[in-house]
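The letters A, B, C, D and E name the chains in turn, as written, and every chain counts its residues from 1.
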Amino acid sequence: MNPSSKMPQGITTSGTVLPGVRHGRTVALAFGAFALLAAAGFAAPKWLTFLVTMAAGNGLVSLGIVALMRGGVVPFGQGMVFAIGGYSAALLFNKAGFTDAIGLALTGGVLAAAVAAPFAPLLSRYRGIFFAMLTLALSMVTYGLLMKMESLGGSDGFNLGRPTLLGMKLPDASTGYVMYLVTTGFATVMALVARVYFDSTRGLVTLAVRENELRVEYLGGSVRQAMSINFIFAAFCGGLGGALVVMSLGHVEPTFSFWTTSGEFVFVAILAGWQSVAAVFVASTVLEVVRSFSSAYFPNTWQLALGLFLLFVIRFLPRGIGSLWMKGSGK
Amino acid sequence: MAGLITILIDGITYASWLFIVALGLTLVFGVLKILNIAHGSFYALGAYAAASFVGWAASMKWAPGLSLVAMLLAAVAVAALVAPLTERGLLRFFYGRDEVLLVLVTYAMFLIMEDVTKLVWGANPYYVSEPYSLFGNVDVGKQSYVGYDFALVGLAAVVGSAVWWGLNRTRIGKIVTVVIHSSEIAASMGINVSRVYMGAFAVGIFLAAIGGAFTAPMISVQPGVSVGVIIVSFAVVIIGGLGSIEGAAVGALIVGLARSIAVHTAPVAELFSIYIVMAIVLMFRPEGLFQRIQARKI
Amino acid sequence: QETFKVGIVSFLSGQAAESFGIPAVNGAKILVDAFNKGAAPAPYNKPGFGGMKIEAVYVDENGGATKQVQELKNLYDREKVDVVVGYVSSGDCLAVAPAAEEMKKFLILYDCGTPRIFEENKFNYVFRTASHGAMDNVALARYLKAKGIKADTFNLINQDYAWGHDSKKDFVWSMEKLFPAAKPGEDQLPKFGAGQYGTEISALMNKPADITHSSLWGGDLQAFILQAGPRGLFKKTQVVLSAADHVLPGLGEKMPDGTILGARGAYGLMSPKSALNDWWWDLYSKAYNVYPVQAPYRMAQSLLGLKLAAEKAIAANGGKKPSPEQLAAALRNSEWDSPAGRIRMANGGGHQAVQETAIGKTRYDAAKKMVMLDDIMRFPADCVNPPPNMKAEEWIKAGFPGAKGCP
Amino acid sequence: MLKIEGIHVAIQGVVALRGLSLTVGDGQMVGLIGRNGAGKTTTLRAVMGHLTPSQGRITFDGQDLATLPRHDRAARGIGYMPEDRGLVPELTVEENILVPVWVNQGLNADERLALVWRVLPELKEMKDRRALLLSGGQQKLVALARALAVGTRLLLLDEPFEGVAPALSKRLGEVIAGLKGTAVSVLIAQSDLNHSRKLVDSEFVIERGANVLAQPA
Amino acid sequence: MSARVMLEAAGLEKRFGAVVAASAINVQITAGERVSLIGSNGAGKTTFVNMITGYLKPDSGRITLGGRDITPLDPRAITRLGVARSFQIPQLFGDLTALDNMLVANACHDQRLSFFQPARRREAIDRAELLLERFGLHEHRHRRVAELPGGVRKLLDIAMALTTAPQLLLLDEPTSGVSAEEKFPMMDTIMAALGQEKATTVLFVEHDMDIVAQHASRVIAFYAGRIIADDVPAKALATDDVRRYVTGELVNE
């Protein structure tokens, strides 16, 4: 008798996927989620759509961090790519007169990835806290440079106007909603891309790298290649997020690249956990909501409130918010 | 020539307080595997406590020289009070978790302490400037230095050697080494692991606090003093190699000198000097200058 | 009864809390209280805003521009405030102004210093009720000139961010015009929040100059004074500080005598004598046991201006709460008396205030146990602010055309 | 002297022991035999306090061990040789052996060291080498020596012969056999009966975390 | 069988400080051989394996694989040339399930990784499960390997090494940590699994002389970094040096 037939059916097939089938389901899920978001955003008050827009933009950066976290490293300098995305979109807008929201977002992502690419092979040698700190150093150098660039407004940064969409000017009243759609749309697409990537053979190898690099090398896999690719992917996500945030915010400044900004992205990534991509955006939104309400209701002690909240989450959801619904993988 | 001496003196005096603070950071990381963002908050606590203690000492009519003792006491008090509270009350629930997760725990601690110090001491500035004039001035060429700055260099040397000696030359040091390696093995050997954690954490806090206490005379103690020191002391321990005392010393000197060279020769570069040094060092030594011995894996 | 809701944003934590944020908020609290009681002197003596009770919501400015934009939207949209008064940081001002404009909501910037806001943009709903930073350094240079202080060489130490850079440039350009022969020497740029200035002080002492200029503020300034004082820097060179009045009450005898400083307006010890100022001075001193320095003054002048504008708009709206447009129309180009003198919304298309300022020289008065300011010289608004049609930079570089009433 | 009564232990939700019982009498040498994953290591770690039983009791000299902090076992004379050796790589061989002696008052360092060098003379030559430089088998010897240094009453040896070359495993066998008749009791966890059969007074065979049978050898 | 030399180590030297871990090591391995490496603890067996697989670089000497100099290559490059190894201490992906561990091995073996193709797809799983079953690991396949008992992990480690279908396989103490009654079946399993891949050359480090006698066609004995015997098992195990230093049958004087 075939031993596998002795196993309960659920176990044999859990975690196994047939090609195409799962992807189809994921795509459908993503579309459903986006449709829901679009409808909800239409009905929600402006402050909430703006909050979610920001959360989605920031969440993109954290999504990139999650990709790196799956490989066992955490960048403490994603503010750098966030700033690169933001500044390039803003500059393109102001200096070149290119105003299309989607085009600007993509440019932000691509440029950030292009800037990150030469560093990728170098950074792929680093692990643990040293990776974190080297990325931090890079982002702080970027921060310093931006502070010095008086043509870019120095530490005060500068503003940009309202983007257009596919050649259309956006009316006052609906700009917020349109940017909300664009941002959550990009977030959905990137979440989808990330899901497919994480589930791919390459994605699995990334997980293996986190667990035991030596063995991956001894199986013939390239650790440095895996790390480099993740780094570039994360940079793209970060740049995309930066560009989207800047368009909604209408303003860009060097603090985008400051270590506390990077720290918050990491925080969201940890809060989310590395298993679920949707969790990243949920976590990002939760953080914004908590921060916004605590700063409204405890103006003098909002940091205390936020700190307690963070401790609470880390204590009781050590594997992140995603672990609430992703029970399957890992322990 | 005179310029060179100035650069050296400035670099070394800057390095001295930085070393004391970074030493605590590296020690806590070495033993508890926690890269403590809240270290800056303990530094601030030390400064606030020093303000309170020195003020109290003055009101008790202590001799001015004793204000140094008051500052020392302040640091001891912070360590004795805060270490049990944070280590027993908070950190021990997170031992063994991922390094990065622990960084976030300490980030949360940092946020909380920011507001707590504000609630305790208010937002008004405190000054502890009496001790600053205790050692008079020292003239070197065109420059007049405050003797206190040199006293700090002495303090750094004393504190650094004491900690180094304690860890490398005493039984306690060996015991700490065992705990660093594995708490399970340590407990099996009969070592009271929580006591070692507690002790190391208390010493770490003490070092941060004493750094803050002895810097207090040169600054105005007020909200926000914690933020500035965090990143610089991080840079120091990363350059030196995490968990290494020698590393913290060399790292502090490198940072101090790099900064001093930048300020004297190219002030515009001061903002990045530290990060550039850090990036360069990591480029050639991916784990800092003094790397930890790795156990054989295969 | 209808209430008038005001969102007040300033630093309640972080490095700017002690020097600017909290004193300003403290000032706002007693002033709102006095307004609601109808206790302010005429013409500010109507209770609340035209009879409507003022309800203030306070928000911490700490946390970066992104957060500020978000909180601004929350204030308008969720908390339903009628106006927002706030922002110390220039970066925050630049970021929130377009957001308020886009939402068509009324916003008053009460403190931030960058001239760029109304020089680079045109806003309908955004106002700044204080002069921008150019005034401070123009006044400093003019003071040196007027007092005939030797200034053949000058050193600079300013924080490495926009405020420091702008202040430094304004001062250097002003010196170029007023002291064409003066040569700049050291140009130190410590980072914001550095705390330790030993190295910078050595550099400044290595190349001593007649004048040492600084726009440091808050904890950074205090640390710099505490460290530079004992090393004799203040004896070797005439130190001039563009925004330093707020450290005087705290530093006391540790503030070296003979330091020339400004307050970014005629504030605190340099405020002009007037009934309104006496009332305000007493109100604040009684409440907080310390006299008001620049931050609460600047908050007060914005709330006073807002009060008159609101009342004018309420009247125009038939006693009902006015729309943001009506509020804006009332404040635009208006003028009012503040404890620091007359505020005129003369620049930036009626959205940017100009005001007078003053510079003085420190002297510790052992009997009163406080630092006094001597040799105070006042500069009318038109002497130290650019005319409406000119950007600050152009104006200074062109040699202050149209400056009027300079002492 | 050591008495385990029906303990249940779960590691991160995985039940590893279900009702295991065993006794080690004074001066006895006892084998704990089981295949891979039977729960041998888990049993020893539970005795050392690294895992807490959800049910059952472990007593040592009549004292319930659950009430004691982890580090108290060594003070009571229990020496433990973990499966993976657990040496401290930065310390020398001698320091590895001595640290537990230092922290436990009542042990005389010279005496214990002399005992170790007598029983395992080959270690004396490498006493100043750092533990990280030793090969796997050499580390086994040091781990045994370290357990001996504190184990005045009871030694818990987890797979002492594993990965040891025949010549050395013979030595180890001799050393362990040499403990017979002394006051020290020994509990050896082994999957391999070959080495221990001759040594032990009694053995407990376990499978999937529970006793299969207990028999005097 | 053609006497093709597949692996040659010539004049390998390796020191760690004062410790000589390899000295004048000269070995030629012919394709298809089953070589057992024996020796006392610390003799240099693992060091030898580490040098062959590129983890350690010899201080001097040369290693060639099928005539090609592999001395300067890193482990990955050498693996890609068809060399696989298992480890004395199993090197696994602790947080992943046994099946996922095998899937990683599978994936790494593919020359090109895909961003799109799901890792857990049917044919990959089938392939992995086949091998798991051959090693008797089937029942453990959905457990996190960190939770698995030592012996099982050892087997999994070897199974992963085999996934890459190597022409040269180095096993470092495959049976240590495996319970006694399973040692022989396990070696049989491994050898049987190998039999299916045609003519894999195997080097295995082993302390159990019975296993050596049964499974090796040749024995290389190490002592203090040197080779003290290199012959067919019966002869090698009978030499004085081996009996003194390895099996301990002759007592050291």
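We take it that a contact is a pair of C-beta atoms (placed from the backbone, for glycine too) under 8 Å apart; a residue touches a chain by one contact, two chains touch by 3 or more.
Quick caveat: nothing in here was measured; it's all calculated off a predicted structure.
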**Q.** Shortest chain-hopping distance from chain A out to chain D
**A.** 2
**Q.** Pair with more cross-chain C-beta pairs in contact, given A-C and B-D
**A.** A-C
Q.
Among the chains here, which has the CA centroid at the largest distance from chain D's centroid?
A. C
Q: Average the CA atoms of each chain to get its centre, and name the chain whose centre is farthest from that of chain B.
A: E
**Q.** CA centroid of chain B to CA centroid of chain E, Å
**A.** 48
(Q) Counting only Cα atoms for the centres, state how far chain C is from chain D in Å. (A) 74
Q) For chain D and chain E, what's the span in angstrom between their mean Cα positions? A) 30
(Q) Rounded to a whole Å, what is the gap between the Cα centroids of chain B and chain C? (A) 36
Q) Using the touch rule from the top of the page, what residues of chain D touch 2 or more other chains? A) 12, 133
Q) Which chain C residues reach two or more other chains? A) 13, 160
(Q) I need the residues of chain A touching at least two other chains; which ones are they? (A) 147-148, 214, 300, 302-303, 331
(Q) Can you tell me which positions in chain B touch chain D when the two form their complex? (A) 171, 174-175, 177-178, 181-182, 184-193, 293-296
Q.
Taking the touch rule as given, give the residues of chain A at its contact with chain C in the complex, in rising order.
A. 45-47, 50-51, 54, 147-148, 150, 153-159, 162, 172, 175, 245, 249-251, 253, 255, 258, 260-261, 288, 291-292, 295-296, 299-300, 302-303
Q. How about chain B: which of its residues touch chain A in the complex?
A. 35, 90, 93-94, 97, 99-101, 103-105, 107-112, 114-116, 118-119, 231, 234-235, 238, 242, 268, 271-272, 275-276, 278-279, 282-283, 286-288, 297-298
Q) Along chain D, where are the residues that touch chain E in the complex? A) 11-12, 14, 34-38, 41, 83-84, 133-138, 140-141, 159, 162-171, 191-194
(Q) Going by the contact rule set out above, which residues of chain E touch chain A in the complex? (A) 53, 74-76, 79-80, 84-85, 91-97, 99-101, 103-105, 107-110, 113-122, 124-125, 129, 133, 138-139, 142, 144, 147, 160-161, 163-164
